[in-house]
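In the two complexes that follow, chain A is the common piece, with chain B as its partner first and chain C second.
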Partner chain A sequence: MTGLERLFDLALVVGLPVVALAVLTAKELRAAVALFLSLGLLMALVWARLDAPDVALVEAAVGTGLTGALLLASGLAAPAPPQLPGPLAQRLLLAIGLAGLLGAVGLGVATAGGDPGLRAAVLDNLQRSGVTHPPTAVLLNFRGYDTLLEAIVLLVAAVGVGSLRRERPVAIGPPGPLLLELVRWVVPVLGVVAGYLLWRGSDAPGGAFQAGAILAGGGVLLVLAGKLSAPRLASLRVRALLLAGPVAFLAAAALPLGQGGSLLQYPPAWAKALMLGIEVALAGSIAVVLLMFFPALAPARSGR
Partner chain B sequence: MSPRELIAAALLAGAAFFFFAGTCGVLRFPDVFTRLHALTKADNLGLGLVVAALALQAESIGLVLKLGLIWALVILSSAICSQLIARSALRAGVTPWSRR
Partner chain C sequence: MTPWLWFALSAVALFAVGLHGLFSSRQLVRQILAANISASAVLLLLVAFARRAPSGDPDPVPHALVLTGIVVSVSATGVALALARRLRVRPPGSRRR
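For the complex of A and B:
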């Protein structure tokens, strides 16, 4: 590592706790949200430095974009930050406990000894997985079981958030011409970028989660401009989209059963097509789930 | 260092200067409108210089075009978003700073 890279890493490592402290001690809710977004940006840089570009992409899309929109929109209903001081002794105990935990984890990481784990096994079997990008192969093929369960957990999250929604959407002002123009330019680009990331997920950083997060960002813009109403759990289309990902995954997992294989044992000739189909359906489901977290808004009609 | 790398380094130094200037503006300017001004103008120019420096060191034309697309998207979104923020600040009653 050159000196400049070390300096950059040092800046990141020092910046993270400083910004986190700033988030916790910010006076205004909006200031705290803005600082939280910059924390997300620093985290994305950290992931990129740790050679995990897929995670960095998701952190950048969800942590800075969607979370920011979500936090700011939730502020519409509750502008003042909640008062949670708590007794001093409790807070000190918590701080010491967390510091101890952090120290133990840090010690464990520092003395790990660089065990390569299953890296060699993954790289050896890569051409049989149907894709050339190791994280995608691991997520959708070698450890597809975990991702299948994650897709179903997302469904549970959607049901949870769908039942917690307010009855009536929050009324906001009409979308001005500027916002409409932004939507006109940016949403198609977001669609293309999401499709590009979905397609490239097979041999470069990308995939269903990244594409879904970007599509959800486009959805948030459309809701703000009044072009799309926030997804409701009662709607049949929303239910179909939510189910598309898990059902596609289950179908692909159960496919080998009919030919004498076991669950998730994709026939190698079909592996790439199956994984791409799963990713497309999953991206749609993820986009709808993430969009459901955004509060329902009712922009007034501009009357034109 | 080859001349290409020298020019890229000079562009990056210029970008660092503009980002620094923009950050100073955000920290020191008196009200939200002037801060938006510093933020969007200086930072976007700094980003343009960074993109130019990276484009000089890029391996393919496709990469250069992608970098240019990133710069164009940032300019578009920051220009529109700064106007939206300024408008909502005006509506919320923030009076622009004046010398008196």
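For the complex of A and C:
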């Protein structure tokens, strides 16, 4: 561990809370969102330092990229009147409470040992899981139950957002020539990258979530350029895509029941094919759900 | 002090900053940002704990948990922003919709 690495880690460790404080004390909301995006970049660097490339991919695509785009697209970043600080007693109590929490949790963390955790258990059973990348094996096989429920949570969120939407989409200006060219060049590349990440997820960092997020990004570009209409919950195609992921997962989970196994107990010979099928369906559902989070936009047709 | 411990303590500080922002702000979008920051702090703690063994691969189980956590927290943010949009008071004289 060289001195330069230590310095880099120290910069990240100190930078995170400082940038977070800047996010929350920024005067304008637009500045706060911009700082939030840089906080996300710092977090991605931290994930890289902690040997977590899958997490870094998902954080960059979904946690930072998509969340930042959602915040900007929500139209809530209008200048707001400055807020007055609360009464002194309340602020003092909050500060003392947080200091106490910080101390207690910090103490607990500092006294935790160097336990390698469940690494050995996962690596011992890896060849029976059907894939060679440990996080993918954990996500779709060993802890498949969590991911199944997560797919259903996404469905619930989509229904929630879909039912809160107003009937008419927001009219925005026509797409400029730069955006149209960008869409022509970038969207096919996004499709290829998403497919590649989906396929590679079994042996290397990648998988359904990363692919779905990239597809959603391509979808946002298409909606902005007027090539795709924003997904509506009333449409049958949208409903089919939303249900594809959870239904595929449930079907794969229930498959072993017919052969005397329990839920999610994939037969080892079929495990890889089952997981790939689940990932493909899940990537499609994730892309549609993430796209639905954006407010419906209707760009005016550009005169030609 | 090993690197994972530094990042874990940084996560605790980050969580406290997010919590402070959540309680001391009255604007909805700032509270959503603060909640996101606190959530990221918890995920950072999990991933730091995954890296406790001094050598070899990190523990993949917290990584999978964090992947799930990021996606669920984005879903929560999406629903929260949809609610915030509906709750927004439109200033007089605005042209939207």
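A few points about this structure:
Definition applied: the second predicted complex is superposed on the first by the 280 of 304 C-alpha atoms of A that agree within 3 Å, B and C clash if a C-alpha of one lies under 4 Å from a C-alpha of the other, contacts with A are read in each partner's own complex, and residues count from 1 in each chain.
Convention: contacts are C-beta pairs under 8 Å (C-beta built on N, C-alpha and C of every residue); 3 or more make two chains touch, one makes a residue touch a chain.
Because the structure is a prediction, the values reported are computed rather than measured.
When both complexes are superposed on chain A, chain B and chain C fit side by side without a clash.
In the superposed model, C is the one of chain B and chain C that contacts more residues of chain A. Looking at the shared chain after the overlay, A:Arg128 reaches neither chain B nor chain C.
When the shared chain is aligned, chain C comes close enough to touch A:Ala112, but chain B does not.
By the touch criterion defined above, A:Phe209 reaches chain C but does not reach chain B. Once the two complexes are laid over each other on the shared chain, residue contacts for A:Ser74 go to chain C alone; chain B is not touched.
After overlaying the two complexes on the shared chain, residue contacts for A:Leu50 are found with chain C alone; chain B is out of touch.
In the superposition on chain A, A:Arg237 makes contact with neither chain B nor chain C.
When the two structures are aligned on the shared chain, A:Leu182 is found in touch with chain B, with no touch to chain C.
Between chain B and chain C, the minimal CA-CA distance in the chain A superposition rounds to 15 Å.
The residues of chain B lying in touch with chain A in their complex are 73, 76-77, 80-81, 83-84, 87. By the touch rule above, chain A contacts chain C in their complex via residues 1, 6, 9-10, 12-14, 16-17, 20-21, 23-24, 29, 32-33, 36, 39, 43, 46-47, 49-52, 54-55, 58-59, 62-63, 66-67, 70-71, 74-78, 80, 83, 85-86, 91, 94-95, 98, 101-102, 105-106, 109-110, 112-119, 122-123, 134-135, 137-139, 142-143, 146-147, 150, 153-154, 157, 160-161, 164-166, 168, 170, 209, 286, 289-290, 292-293, 295.
Across the complex, chain C meets chain A through its residues 2-21, 23-30, 32-34, 36-37, 40, 43-45, 47-54, 56-68, 70-79, 81-86, 88, 91, 96-97. Contact residues on chain A toward chain B in their complex (touch as defined above): 176, 178-179, 181-182, 185-186, 189.
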